[in-house]
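Look for chain A in each of the two complexes below; its partner is chain B in the first and chain C in the second.
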Partner chain A sequence: MKKLISLVLALVMLAGVAAVGEGFAASYDITVWVAEEIKELTAQQIEAFNSSNQYGIKFNATIEAVSEAVAADNMVNDVEAGGDIFCFPQDQFARLVKAGALSKLGVAASEKVTAENAAGVVAAAKSGDSLYAYPLTADNGYFLFYDKSVIPEEDIDSLEALIADCEAAQKYFAFEMQTSSWYLASFFFGTGCVSEWTTDDAGTFISVRDTFNSPEGLIAVKGMEKLVKSPFHLSSSKADSFESNAAVVVTGIWDYELAKQILGDNLGVSDLPSFTVDGEEYHIGSFNGCKLMGVKPSNDAYRQAALHFLAQYLTGEECQMQRFNAKSWGPSNLVAQASEEVQANPGLAALLKQAPYSVPQGQIHGSWWGIAQVIADDVKLATDEAGLQAALDNYQAKIEELFTLDNTALLFVGAWNGWNNADTDKTYYLASKGDGTYALTFDVPESGYMGGRVVNPGSWDTDKGFAQVTEGADLIQDLGADNPDNNIVFAAPGNYTITWDGEAFSIVKN
Partner chain B sequence: MSDVKVQKAMKQHMGLTASRRISNTAIYIVLTVMSVIWLIPFICIVLQSFRVESTWQVGYVIPRQWGWNNYVNLANTDFWRWYTNTFVLAILTAILQTVIVLCMSYTLSRFRFKMRKPLMKFMLVLGLFPGMMTMIILYRVLADLGLTQKNSIPGLLLVYVASSGMGYYVSKGFFDTISKSLDEAARVDGANRFKVLVKIILPLSKPIVIYTVLTAFMGPWGDFVFARYISMGTSAGKNVAVGMYDWLSQDQIGKNYTMFCAGGVLVALPVTILFLFLQRYYVEGITGGAVKG
Partner chain C sequence: MKRYSDLEYLRLSKLQKFLYRLESFFCSIPVAVWHTIKKLGLAIWSFIKGIGLGIAEVVTTFKNGSKPTRLSYVIMGAGCFAHGQILRGILFLLFEIVFIFYMVTTGAYWLSMLPSLGKLGPTKDYNVILDVYTTHYHDNSFKILLYGVLTIFFIIAFIYTWWVNIRQSKTAEQILASGKKLKSGRDDLRSLVDDSFHKTLLALPMTGILVFTVMPIVFMMLVAFTNYDGAHNGYSNNLFHWVGLDNFNTMLSWTSNTSSGAQSYAATFGEVLTWTLIWAFFATFTNYFLGMMVAMAINKKGIRFKKGWRTILVMTIAIPQFISLLYVSKMFAKNGLINNFLIDMKWIDTALPFFEKASWARVTVILINIWIGIPYLMLTATGILMNIPQDLYESARIDGASGWQQYSKITLPYMLFVTGPYLLTQFTGNMNNFNVIFLLTGGAPNNPAASNSAGTVGYTDLLITWLYKITMGAESQYYLASVVGIMVFVVVALITLVAYSLLPSIKNEEDFQ
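Up next, the complex of A and B:
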C-alpha cells in the first residue's frame, strides 16, 4: 500500500514538473500601451511573437494609444487599471519603481538586456542593482537643426558665429533655456559639470554629486549668457519655430520629419556648436535619454513571465529595426545602432555625432527640473560675474535643501502620533540643546508597529530614520527590505531619548 | 402750440437725438472692439481648420490653400466615437438632470414638510465643498463598480446626475415667484400635485426649464479633468475633450494641429446652435429666478 501511495505521489510530482514546463502555453488577454504612431506596428509584432515563440504563448492583445508621458501618470494613479505592458520616458522611471508599477527582470533577461543594449540606456533602467525595464529607444537627445539659406556651413560649429548670423538676418535662435532644465544643462555638461543622483532599491533618492556650482559651472553660465542675452534668442524647442522666423532650432529626432517638411532641402542638421570663454573652446554637451518598456507586476507568475518574454521580444533587435524603418525611432540595441541604415539617417547621424559630448540621463530627482530651470533667468538678469556666481550659489543651496533636514523644526512622526506629519502639538518635536544637537524624550506605547521617522513638519521629502541611526541600534529592529520608508522601529515599548546631531541619531532607553 | 414752443420742442428733440446718437456711436464702437477681441481666437481656429498646406502651427492666420482635408481626416481617428460618447452623455445628463432639478425645486417651493429648511441649508453647505475634493474617492468607487476605462461613459453619467438635485436654487427661486393661488385654483378643480407641476407651473416657467437643460448639457460637454481621470488608458471611454487633448502632445502636435482645430469647430457647433436659438430664454432664466430667493 505504501508503495502504491508513494508511486501515486511521485506521479503527481512529475505531473507538476511537466505542468511547469507547459505552464506558459496558454492564451492571455493583455493590454499594451504604446504611442499612437507605432500602434499598428506593435499589433503586427505581437502577432509575429504569437506565431514564433517557443513556449506556445498566445497573446490576445488590446493595444491602446497612450503617449509615453501620459502612460507614467496613469500607472501611478492606478497601477491595477494600468496596461500590462507600457512605454515611458526614462525620467519617469524612479517614480514608477516607487509606485510599484514595474516588475523586476529575471537574471537571464537582465544579462541579455545588459549585453545587447547601450550602457547608458541600461543604467537608466536600473534602480539599485536591479533592472526594472527594457530599453526601447536611445534617441531622446537633442542636436542642432538649422536653415541652410541663413546659416553658412562653416559657422555651425561656433555658438558665437550662429548668434551673429541670426542677429544679422533678424531671425531667431531657438534653444530652450528659461523653460527647460533638460536643454539648459547642456552648457554645464559642455564644461564637464555633473549632476549625478543615486537611488536605492525602492526608488528613493539618497544622495547627489552635483558640480554645477564650480569654476567650470561659471564658465558654462558665461557661455549661456551670450545666448540668452541676445535679442534673437527664443526659448523654444519646437521645429515649427522655423515657420515663425527661426533660423536655428535645438530639438530632437522627433521633430526631424516636421522640420524637413517646413524647410525642405534647406534643412541642415549637426551636433551642437562650441562656445569660447577666455580663449578656451567648449563643445556644448547634451542629455542623452531613452524610452523604456515596462511590465506591470502580476499575481500570476506564468502570466508575468510570459509578459516578460513579450517585452523582451518587442525591445529586441528585430523589433527595434522595424520601428526605425517605419518611424525613425533610434534603436538602443547595439547591433541595430551599428547597422548601415541607422548610420545613414541624417538625424540619427547628427545625434551620434553629438554622442561623445552627451551625458546619459540617469535617475534625476523630480525637483531638479524646477530648480535648475531658474538659472537661465538669473543669468539673463545678471549684470556682472558676481551675479552669475549668485545664480549658481542659489542653485546649489536649493539642491542641498533636498537632502537636508531643516533643524528649526524636527518632528518624530510615527505610530505614537497617528502618523500626523503636520502635528503642531510640540510633544514629539526634537528640542535644541544649544550645542547643535536636538533631542526628544518620549514614551513609545505598545502597538503592532512601533515605528516612525524624523521629518520637517508638513513634509515627507527630507526624512531621516533607520539609516542614520549610529548609536542604540540594538534597541531598534532591522527590517531590511520590509522597511522601504527608512523608519526607526523600536523593538519594545518604553521611554526613550533620541538625539540628532545633524547627521546621525543616537537612541538611549531610559 | 405756438411757433416758439414748437421750435423749442424741436430743438430739444434734435439735441436729444444728437446726444443719443453720439453716445450710441461710442457704445457701438466699444462693443465692436470687444466683440472683435473676443471673436479673434474663434475665427483663427475656424481658419486654421481649413488650412491644408501644412498640419503644424504656423505664423500666419489666413490659409494659403483651403480644403476640407482636416475634417475628412477626423474619420480616420476615434474622433466620432468620442463625439458620440460626449453627445450621448450630454443629452442623457440634460434630460435626467432637468427632471431631477425641476422636481426638487417644485417640492421645495410648494410643499411644506418637516426638516425642509435644514435640508436646504444642508445642501447649500454640501454644495460649498469643491467637487474636485471627491475625485479620488469617486474614482475608487467607480473602479470597484467596474465603471472606469472602457465603461467610463455610464460611470460619468452616474457622477454628473447623482448630485444634480442640489442645483435647485435658481429654479426654486423662479417657482416661488409664480402665484400660489394658481396652484390652489387647479387643486380645487381636481388636479393632483403632479398635474399642477406639468400643466400649470412648467408652461409658465419655460425660460427656467430651458436654462436648466442648457446648463445640464454644458457640464458634460466641456468636462475634462474627471473624464480624463476615469477614462485613462482607453480610447473607447474618452469624451471628445480628453481624446483631442492627446493630439497636442509633443510628438503629435506637428501632425495633428490643424485636425485639432477642425475637431474644435465641430465641438463648438452644437453648443453654438443651442445658444443662438435659446439665448432669449437663457437670459430670462438667470434673471427671472433672481427676483426672490
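Up next, the complex of A and C:
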C-alpha cells in the first residue's frame, strides 16, 4: 500500500514539477547554520547549487558559524529565530523533532536519502517511519589514539596492559567516563548489553529495551572498574591531553589532525582494546553516530520545497566528497564511502576496524545521557561486587523514574485502546499471576473490527495471537488468510479474561 | 531566656559571658523572624486597606460629586475640561482612547486567551504537488502569557489613572469652592521642572524598572505554574497550559510518582540547598576575615612596598574571572599543572583528587574562591581601616590593651558596623555565585544519588547552577527552573530580612556617629 502511494505521488510529482517549475524561480533569503570550518565551503556549494539547479532557484544565503551542538540548543530554545538549514549531532534528533524544529522529508526525498546512505545513518534520521533530516557524515565514532613511545605495539589490544603501561610510565589513560555517557556505554556494548529506544512519528519516545542491569552489565562494570580505579585514568576525550601527560586518548576522527600535530610520528591509532573478566575476553564496543542536516518548518510551500532541494544537494555525494577532501569529514553516502580516498584515510581506517564492535546510535532519550553518566562515579566509589550491582540498580531506578522500563511486559493492543502500543496507563497490560501466567480482564466494545494481539510495549510482534489460542477458540473469529498479522478477533463484544502461559492463550467470556 | 542587667553581666566569667552572648544571639533569631513576618503582614494589610479606602472614596465622590465629576467616571478628563484644565483633560482623554483602542484591537484577545494559554497548536499540511510538508502556526502560548501579563499591567495602570482623574476632579471642585484658582496647563508644565521635578527625573527610571525588571520577574514566576518545557514550547510543537501548584508538588514531594513520570526532587533540592548555604557561609566569611587580615597586614607600620603588595593582589581583579577561573580549573585538573609538578618532583605518586572527590572538590572551590575574593575585601577594608580614629587605638594602648583586644574591641566592631550590609549582599551574592562554580567545576564530581532525569547533579552544584542544568538539560524543564528560582528567592529573602534586622548597623544606627 505504501509503495502504491509513493508511486502515485511520484507520478503526480512528475506531472506537477513540470507545471509548477516556474513557481520556484525566485530569489530566497535564507540563513544557514554550519560549523565554522566548513563555512566557506558551504558558501561555495550554495553558489554551485544556484547556478546548476534546474528550477531557477536562487538562494541569497547568510551563512553563520554555529557549531552543531549549539545549533540544536538554539533551535529548541527558539524555533522561529533559528536557521532555515542547520546541522546537528544525531543525539539531538528526537529532541528537535519533539520541539517541532525539523520539517519532514517528502516521499521522493525520503526514498533517495534511504537508498543513497548507510542504513545506520538513515535510522538516525528517522522517527517512527518518517525521515526528518539529511545525513551529513557517518564518522561520529571513537577509537584508540596512543603514543607509540610509551605504549608498545603488542599491548594495544588489552585494556589491562594499556593501564599497566600508563601506570608504569606515570602517564594518563584518557577515556571520558565520568562526564560522557557516549563513551561510557562502550563497556556495556562490549559485553552485549543494549539500550534501544523507539520513537513514534512525532519524536515521542514510546518504549525502551535496556539490558544494562544484567549479568552482562555486571561484567561490563567490572571491566570499567579496572580503568576508573586506576590513578592514571583521566576522564577526558581531548587530543590535547597528549600535551599534558597522557599516553592514551580515546576520541574520534575530528581530533586526528591535532593529535598528529602533537605526537607526530609517535601517534598510533587502532580499534579499542579488550578487557578480561573471569578469564573471558570482551572487546570494548562503541557508539557509531553521525551528523545530520535539517530544514526548519515553515508555511510557504515553494520556499520549503526549495530549501529541501538545497539540503538534499548539500548532503549529496558531491558535497560530502568535497567536505571529506577539505576537512576529512567521513561521508555517509554509500558511493562516497566506497571511494579509494576515503578507504585510505588512516583515521577512518581505524574507525572501520572498530566498526564490527560498534552499535548504531539510533534514537536515545535525551535524559539517558545524564542518567547513564553517573555509572562511572558509582563504580569508582564501589568497594565490592555488591557496590557495582548497586550502581546498575541505581541506573535502572533512574531510567524507570523516567520511563516505564519493561522488557518483558505484555500488552493486549487492539481496537479497544486505539492500537496504542505505548499505552503508558498500563490499562491493557497482562498482569503476572506469579506462577508464570499472565492475565487480563477487559471489555471489548462493539466495533466493526474487534481484534488485537499481544505484543511487548512499543513493538508490533505477531507471534502472540490467533494461532496461539488453545482454549476458547469458539469465542473468536477464524479469518484465515484475511488475518496476516495473527490477530485475535472477538466474535461479540463483552467482558473477557485472557490468560497467557508463555506458549498459549486461553480465553474466557465473563 | 534570662536577661542579665549590665552589672550582673559584668560579674560573669569569660565563658559564661560568651555563652550568654551566643544564647542571646540565637534567641533573637525567632524574634527577628516574627518581626519580619509581622512587618510583611502589616504592609499587605495596609495595602488592602488602602485599596478599600480608594474604592470607598470613588463611591462617595460619585454620590456627592458635581455633574462634570460624575461624567469623568465615564469620559476621563471631563472634570478637568469643565474646570478649565484643558491640558490635563486632553492627557486623560488621550490615555482613555489609547487604552480602549488597545483593548479592542489586541488586548481583549490576549486577555481572553490568558486563562487557556492558547487553543490551537501548529498544524501540518502535505503539499502533494511539491512533495513537501508545511507547518502552519497558530496560537503562541509564550506570547499569550507575555502579552497577557502586559495587558493586565496596562489595565492596572488604567484603573489607577481613572482613579486619579476622579480624585483630581473632586479636588478641583474643593479648591474652586474655597475660592482659590486652579493650576493652568502652563503652571503644570512649569511645575515639572520646579516643585514636581522629582517626577520628571524618576519617570524614565521607573518605567525602565517596571518594563525590564518587574514585568519579566512576574512573567518568569508565572512560568512556574505552567508546564512550559522542551516538549511544550508553546509554539512550534505543543502549547503549554496552567497546571496550578503541580510543579511545586513535584519539587517538594519525597515520593516519586512513576506512573505520571514525576519524580522526587525534594531530596535533590535539600542536598543542593544545604551545600549552597555551606558554600555561601564559608565563601563570605573566609573572604571577609582573610581579606581584612591582609589589609591590616599591609597597613601595618613598617611594611614596605605597600603599593606593590596591593597591586599584586588587585591583579586578580584585573584579569576577567572567565579567563582566570577556567585557567585555574585546568591547573587543578587531574593532569593539570599542579598534579604534574608534584608527581615530577616525586612528592606524590598519584594525582591529588582536587575535583574528583566530593569533599576535596568542595574545599578546593572554597580555597580558590578565597584567592579571587580577598583583593576586593582588601580594597574595601583598607579604606575603612584608615578611617578608624587613631586616638581610639592610642588611648587603648595607654590603657594597656593587647593587639588582640584592640582588634576585637575596636577594629572588628567598627568594620562590622560599616560593612554589615556589604556582608549581607556578599552572602546572597555567593548563594547565587554561578561564575565560580560553573567555571571551576561545572558542579563536578557527579552525585549519583541526587541525579535524575532533569539533569546530572554534582556535589559542588549550587541551586543556581542546578537551575542552569535544568534549563539547558535534555528536557528543558523551564517550569522546574522557575520553581527553583522562586525557592531561591524565598530562601534569600528570608535570610536577608532576618539578618538585616539583626545587623548592628541597623539596630544601633547611632553607635559610630
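Following the convention adopted for this analysis, the second predicted complex is superposed on the first by the 384 of 510 C-alpha atoms of A that agree within 3 Å, B and C clash if a C-alpha of one lies under 4 Å from a C-alpha of the other, contacts with A are read in each partner's own complex, and residues count from 1 in each chain.
By definition in this document, a residue touches a chain if its C-beta (ideal position, glycine included) is under 8 Å from a C-beta of that chain, and two chains touch if they have at least 3 such contacts.
This structure is a prediction, so every number in the text was calculated from the model and none was measured.
Engineer: Considering only the touch criterion stated at the top, classify A:Ala35 as touching first (chain B), second (chain C), both, or neither.
Structural biologist: first
Engineer: Quick one: classify A:Pro231 as touching chain B (first), chain C (second), both or neither.
Structural biologist: Only chain C is touched by A:Pro231; chain B is not.
Engineer: A:Phe143 contacts which: chain B (first), chain C (second), both, neither?
Structural biologist: neither
Engineer: In the superposed arrangement, does A:Phe173 touch chain B (first), chain C (second), both or neither?
Structural biologist: The answer is neither, since A:Phe173 touches no partner chain.
Engineer: Quick one: classify A:Ser298 as touching chain B (first), chain C (second), both or neither.
Structural biologist: second
Engineer: Quick check on the superposed pair: does A:Val76 touch chain B, chain C, both, or neither? Answer first, second, both or neither.
Structural biologist: Once the two structures are laid over each other on A, A:Val76 reaches chain C alone.
Engineer: Touch check for A:Ser244: first (chain B), second (chain C), both, or neither?
Structural biologist: both
Engineer: One more residue to check, A:Leu258. First (chain B), second (chain C), both or neither?
Structural biologist: Touch partner of A:Leu258: chain B, not chain C.
Engineer: Would you check which partner chain A:Phe505 touches, where first means chain B only, second means chain C only, and both and neither mean what they say?
Structural biologist: Touch status of A:Phe505: no partner.
Engineer: For chain A, which side has the bigger count of touched residues, chain B or chain C?
Structural biologist: C
Engineer: Between chain B and chain C, which residues of chain A are contacted by each of them?
Structural biologist: Common interface on chain A, chain B vs chain C: 77, 80, 244-245.
Engineer: Per the contact definition, I'd like the list of chain C residues that touch chain A in the complex.
Structural biologist: Residues of chain C touching chain A: 122, 124, 127-137, 230-231, 233, 235-237, 256, 258-259, 261, 263, 334-336, 340, 343, 349-351, 444-449, 451-456, 472-476.
Engineer: Can you check the complex and tell me which residues of chain A touch chain C?
Structural biologist: Answer in residue numbers: 9, 12-13, 16-17, 19-20, 73, 76-77, 79-80, 95, 98-101, 103-109, 170, 172, 174, 178-179, 204, 231-232, 234-236, 241, 244-246, 297-302, 304-305, 308, 365-367, 369-371, 373-375, 377-378, 381, 391, 394, 398, 400-404, 424-426.
Engineer: In the complex, go through chain A and note every residue touching chain B.
Structural biologist: The contact residues of chain A facing chain B are 31, 33, 35-37, 64-67, 69-71, 74, 77-78, 80-83, 238-240, 243-245, 254-255, 257-258, 261-262.
Engineer: Any idea which chain B residues touch chain A in the complex?
Structural biologist: Where chain B meets chain A, its residues are 54, 56-59, 139, 143, 148-149, 229, 232-235, 246, 249-252, 254-255.
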